[in-house]
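Structure first, commentary second.
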Amino acid sequence: MKLIMAVIKPFKLEEVREALTPLGVEGMTVSEVKGFGRQKGQAEIYRGAEYMVNFLPKVKLEIAVKDELVPQIVETIQKTAQTGKIGDGKVFVSQLEEAVRIRTGESGQDAL
Amino acid sequence: MKLIMAVIKPFKLEEVREALTPLGVEGMTVSEVKGFGRQKGQAEIYRGAEYMVNFLPKVKLEIAVKDELVPQIVETIQKTAQTGKIGDGKVFVSQLEEAVRIRTGESGQDAL
Amino acid sequence: MKLIMAVIKPFKLEEVREALTPLGVEGMTVSEVKGFGRQKGQAEIYRGAEYMVNFLPKVKLEIAVKDELVPQIVETIQKTAQTGKIGDGKVFVSQLEEAVRIRTGESGQDAL
Amino acid sequence: MKNMFHKCMKAAGRVRILAAAAVLLLLSGPAMAAVPDESQFIFNTFSFLVHGFLVMWMAAGFAMLEAGLVRTKNTTMQCLKNVGLFSIATIMYYVIGYNLMYNGVDKGFMGTIGLWGHDDSAALGGKFAGEGVTAYAASSDFFFQLVFVATAASIVSGTVAERIKLWGFLIFVVVLTGVIYPIQGAWQWGGGWLAEKGFADFAGSTLVHSVGGWAALTGAIILGARKGKYGADGSVRPMPGANLPLATLGTFILWLGWFGFNGGSQLTMGSAKDVIAIANIYITTNIAAAGGVVAAIVLTQIIYKKVDLTMALNGALAGLVSITAGPDSPSLGLALIIGAIGGVIVVVVVPLLDKFKIDDVVGAIPVHLCDGIWGTMAVPLSNGDAKFATQALGVAAIGGFVIVTSAIVWMVIKAVIGIRVSSEAEEMGLDMAECGMEAYPEFRGSQSI
Amino acid sequence: MKNMFHKCMKAAGRVRILAAAAVLLLLSGPAMAAVPDESQFIFNTFSFLVHGFLVMWMAAGFAMLEAGLVRTKNTTMQCLKNVGLFSIATIMYYVIGYNLMYNGVDKGFMGTIGLWGHDDSAALGGKFAGEGVTAYAASSDFFFQLVFVATAASIVSGTVAERIKLWGFLIFVVVLTGVIYPIQGAWQWGGGWLAEKGFADFAGSTLVHSVGGWAALTGAIILGARKGKYGADGSVRPMPGANLPLATLGTFILWLGWFGFNGGSQLTMGSAKDVIAIANIYITTNIAAAGGVVAAIVLTQIIYKKVDLTMALNGALAGLVSITAGPDSPSLGLALIIGAIGGVIVVVVVPLLDKFKIDDVVGAIPVHLCDGIWGTMAVPLSNGDAKFATQALGVAAIGGFVIVTSAIVWMVIKAVIGIRVSSEAEEMGLDMAECGMEAYPEFRGSQSI
Amino acid sequence: MKNMFHKCMKAAGRVRILAAAAVLLLLSGPAMAAVPDESQFIFNTFSFLVHGFLVMWMAAGFAMLEAGLVRTKNTTMQCLKNVGLFSIATIMYYVIGYNLMYNGVDKGFMGTIGLWGHDDSAALGGKFAGEGVTAYAASSDFFFQLVFVATAASIVSGTVAERIKLWGFLIFVVVLTGVIYPIQGAWQWGGGWLAEKGFADFAGSTLVHSVGGWAALTGAIILGARKGKYGADGSVRPMPGANLPLATLGTFILWLGWFGFNGGSQLTMGSAKDVIAIANIYITTNIAAAGGVVAAIVLTQIIYKKVDLTMALNGALAGLVSITAGPDSPSLGLALIIGAIGGVIVVVVVPLLDKFKIDDVVGAIPVHLCDGIWGTMAVPLSNGDAKFATQALGVAAIGGFVIVTSAIVWMVIKAVIGIRVSSEAEEMGLDMAECGMEAYPEFRGSQSI
């Protein structure tokens, strides 16, 4: 099993989720994060003082999937989350050794 | 060392934490997340318009532990966090290559 | 590639970010978390009732980097985030199998 | 407010009678019962001031209601618009509005153009009654009229929230408060043709609330709905308000302010008759609001199996708007029913608007427009002098006028500087896009999850 | 409010005297000093209206205070309950409450049953004084009395928050505002048996605040504590309020409203004597609140080494409740002390209630019940007409009556439709469970971490 | 407020004239026009009470404004300071302040020391006019004066927020409200030397606002800036306010309260002349605020290409402070300009202070100090009796006095108990450090990201 972690622009979340369901992704865990990268935040002004916002709001998806699915999932995320503008985000893949479904105690791929 | 990542129902957090301490878990990092999965959010109504809440509030635990402890910890989390109702969550385990305690610079298992 | 995950004290974030840029870290993903560990929260009082705050606010950094950079990055984080006081946090390193830049589709190290 | 012109006559008239009564009493013995002219002048003026500051307070009510019902990313902007519109209304009404509405309308269609200025020479000369003498300080009347204008503008800002450009909106407010509102106001309260026809609108269900409602409706249609509010499949995606306690506070503020809105519209307080009328108005106003709330709570429970707070809040305002056209005549029981029906209308109309893809962020159209009409048509139920036909005429005439004029203004603004922000700006939120400032910078919030 | 009946007599009496005085003055020369009857009527009525809208504003104060002290997941519900209870109080007091409290009590235990309606024929006929003639507009009195009822109901909602069913609560409010409050009110302010005994409760430390407090206490006991509030080991798990600035706002609103609550309870303003009394009441009320705040700040600093804002806020209300039974008689210094002791009581009683596992979410019991009693017993300190024994009798009689009646009502509701939400609903929060609507949908919040 | 002493004379004087007028009228026929002395007494007193409770309400305005403009981690503390300072002001003004300011100043530098107590024997004896007789209830005057003191203290708390120790601040408030404010107040309103010189400050641009501003400025300098506010490189790191809707609410509350602040400062309402003056004051006050808002909106749009809500809010207060020294004399047009210039001053001065590394969290110095001075200097533009030189003298004298005295007090407190929290406490936030209580415990928030 692999753990796919994707950082995307917030407003792309729904789209990505919908695109993944047909591929058999039955679950995911999402968190609000702030991203720092090439994309520079706009210069803001507060009461006459200029300042840079370095961290931009992003959404992080964590999806555990069986190995076979990884390529198409990664590709689908990449395609769907893409706007072509800087700051679109990343997809990371890492190895997952075990997964357990708390409700049933099932483990391995059945837990996903 | 392994990194155990568990997604559980928010109100189970205290219970789980208390159950893990006796096993020698001296620390963990917790974040609020939203979960999407088999458990479907209830249909909500706002000013006469129905809509589905797809993402449900969950809590994510990240616990770095030495390998020996993994089995009982995973089992304890699974048992304690269980309500038997859909949406109880998951436990994931992955390999951890290194750990460092910032305060002391200790690394490896001593850092945990 | 490796994924470096660091849990630090919130007010150290800016410092750490600035220390990492010269090392060639071009991006990172940050989230607010709560930490439980040796550092015990102070006993709080609300309307005459004492209670312990077990979880303390921390910031989690996730940084994907190419293997060569790992040692100095980990060291830099450890040194910069250090206050010497209990609760400074941890740095964890794990293996990363793949990385993709959503905007361009680039993968591997070029994606970072 | 009843026609000021008639009112003055009336005041003057009454004063003479009381004076006479006084003299008699003074001669006959058991001592003066009447209120001296100057005391009357003070009572009338103070009534305008106290009730006026209550209505001014409604500006805060609208600001909080709207700030609570928009999403976090548009909250700073909503606050800004509300502070801005009140300021603009103040200035415009001084520069042109007041005289256009009240000066020399004389049964016609509008007054004169020019700065307003106060003249209290008569009163300062010790003259408190008689031809053309007003029984209150000029400025107190100006103050009371002024805060009504702002109300009409506040209604618009709620409906068009979360997508309209700041400057496009502010310019509309300039015209609405400086020209559109005063002209139609002249027809009735200025002593114009509509007043002649015998139209009855005590405190402004039509002149204030439906006017704001019509302007909001045209605006909403010309602007279009917020991005993603309506799915191609006709599905509705709710965009819940970010801070309901704030919306609740706003509603309570409006409720409080309404005692000034309706009570002060009695215009004088210098006699027992007047103050009794004001007292009656307070309680009909209060019970109408209560009726609207209870109706909304019960109805949402029945229809949706859950009680919708935002509907209950709208219900309070619905009751208030409904009673505003005639708070002086109905019994408590009737007032309760009028308010309750107002609440029902809101609960029914809110989803209806969504069917037509008319995106009204805070429900200002059902509350102020629909109930403004309902309230106006309900006046004859308790007020013998009012006729259904005349009421309908007034509603239609003013409705038509506001629809046409505001549509033109919206269109012109759209053509010249544009009224709608870019879809990126809408995505990002108006706060960052146009103010560069988050309303709640530390509260992690996003619509995304 | 003192017994209305006596009051009218008094008013009438005074008026005649003044009138006489006036005549003399008129003859003797330096011109009339007295206030004409009709002016008095206006002053009295306007006092009821102005002070009444201040008390109505307290409904917003309770709403904000409670919305700020509950957790986010129950905030929508708390707002809904407060809007709902004020509306229900309005309707019930009209339908049955007012007449039950004031109509023909005549030294007995209750008035008559029936809708309230206003009759100002005397005043409209130019008659302002004399047997049975009231010196104010009927509706203004009704309005002022009405907002007091709502206050009693607001007190209950805070204590039983976060676990009570919406409908169970609303039904209790129906009975409390329609029957329980009016009956005990009749005993004193309605001119009933307790007034005959010489009980003194100027503005309602007992009649309003302790009544709300007793109903809240019985409710809290019958409902039980919130899930997880008390550990088996007797440990207390605080559930901090989610929005303290809102609670602070609520307290300031209540503080402001209290000038109406106590000031208006002078009931008349038609003479220098009355307006002087009102002015004195304003400053004793204000300094008592200040005393409560300072006492709570100092005490929490000493006991806990940290100053507890929520206690300071409760302290302000404590001072206000404490002075309410007799704001007209004490010197500023005594008023300060009475308020300060009220503040001390709150700081001491809040943790005490936890010892008994009585879960009072906002501290309404210490503030309104304990200080309501304290304030009532403190009246004799400055008011010679008041006797400790009689004060105790009033406290006990009303306390007993409210405990028994409200316990019965709570029990019946519990048996018929249930008063407590399911433990899942409590877990999830009442907002999602009963309103399907989050108060702050975009602010990530949870009690879990 | 104009000099109380002069005022009484004036009142007395007017009364006699009116009386005479009355007699004439009574003989001549058309019946009494004049206001009976006792009615005047009631009008004057009620004006103090109504306008006084509006000013008291400003305490809530400052609390919300400041709570909205600090960061979440210091919000509980900011609320606590505001509740605390109002309470302290209440007590100190009773214990020493009032008499020090008004009792027997007699063209000198200060009054007497001792508790204040009310004496209404004259009025209760039916004497309403004549040497030394006041035309209003003593307590109503005390109440009105009192709430002004609190305003001055509120100004300070905003500037020194987020770093000052609770007790250090509260002790400063004790001295400010008990000694510093009353002494300089005695110079003018107490009928002291400055009044003799003909200084004009109708409602307190200098006596209240600049006094608070000077105290805030010295405090800010002695305290130093918040940690991390200014980079070594002179860069400014903004620390955005956490809750802008709350700041907006606070501004609306202040705007409302200002009608009481300026309107009530007419001091009497017992004649047409007075009530006309009050009405004029209401509208100049209102339009000045509007001018400040519009100026700030337009200017920030031009300079920064984005409209800054916090500047617009400051702009409203700027306009209000600017008109406060002379709201009675200017035309609406001039009032608009005076307010607009006030708004410009704020937009210009806010960044300027940052240049000097003077850290003013809420912008109280530009608003209350700079515009307090501007407003005072602007009086001669419309008030013939006022001279620029005298105005400058008053500004300088009071400024000098407050700078010196408050600097000494700040220094002493610093030396004895310290005024600044530890840098850890500042890091953690004052709420956890000194109150042990988060303002928004469930809203994840941090300045870190």
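In order of appearance the chains are A, B, C, D, E and F, and numbering begins at 1 in each one.
Here, contacts are C-beta pairs under 8 Å (C-beta built on N, C-alpha and C of every residue); 3 or more make two chains touch, one makes a residue touch a chain.
Predicted model, so just to flag it, every value in this text is computed and none were measured.
Engineer: Under the document's definition of touching, what chains do subunit C and subunit F have as common neighbours?
Structural biologist: Where subunit C and subunit F share a partner, that partner set is A, E.
Engineer: Determine whether subunit D and subunit F, two copies of the same sequence, contact each other through the same residue numbers or different ones, counting it as same when over half of the numbers at the interface appear on both sides.
Structural biologist: different
Engineer: Where the centres are mean C-alpha positions, what is the separation of subunit C from subunit D, in Å?
Structural biologist: Those two chain centres are 54 Å apart.
Engineer: Approximately how many whole Å separate the CA-defined centres of subunit A and subunit D?
Structural biologist: Their C-alpha centroids are separated by 48 Å.
Engineer: What are the residue numbers in subunit A that touch two or more other chains?
Structural biologist: 30-32, 34, 44-46, 55, 94-95 - these are the residues of subunit A that touch more than one other chain.
Engineer: Give the residues of subunit E that touch two or more other chains, as numbers and ranges in rising order.
Structural biologist: Where subunit E meets two or more other chains at a single residue, that happens at 18, 22, 26, 32, 34, 36, 39, 50, 240, 243, 249, 304, 306, 308, 310, 436-437, 440, 443-444, 446-447, 449.
Engineer: Following the definition at the start, I'd like every touching pair of chains, please.
Structural biologist: Applying the touch criterion to every chain pair yields A-B, A-C, A-D, A-F, B-C, B-D, B-E, C-E, C-F, D-E, D-F, E-F.
Engineer: Could you list, by residue number, the parts of subunit C that touch subunit A in their complex?
Structural biologist: Touching subunit A: residues 3, 17, 26-31, 62, 64, 94-103, 105, 111-112 of subunit C.
Engineer: Please name which positions on subunit A make contact with subunit C in the complex.
Structural biologist: 2, 5-8, 31-38, 54-55, 58, 60, 74, 77-78, 81-95
Engineer: Taking the touch rule as given, give the residues of subunit B at its contact with subunit D in the complex, in rising order.
Structural biologist: Against subunit D, the touching part of subunit B is residues 34, 44-51, 55.
Engineer: Under the stated contact criterion, what part of subunit D meets subunit F in this complex?
Structural biologist: 18-20, 22-23, 26, 32, 34, 36-39, 41-42, 45-46, 48-50, 52-53, 56-57, 59-60, 63-64, 67-68, 75-77, 79-80, 82-84, 86-88, 90-91, 94, 115-118, 120, 123-124, 126, 128, 137-140, 142-143, 146, 166, 243, 246, 249, 434-444
Engineer: Given the complex with subunit D, which residues does subunit A contribute to the contact?
Structural biologist: 10-11, 13-14, 30, 32, 42, 44-46, 57, 59
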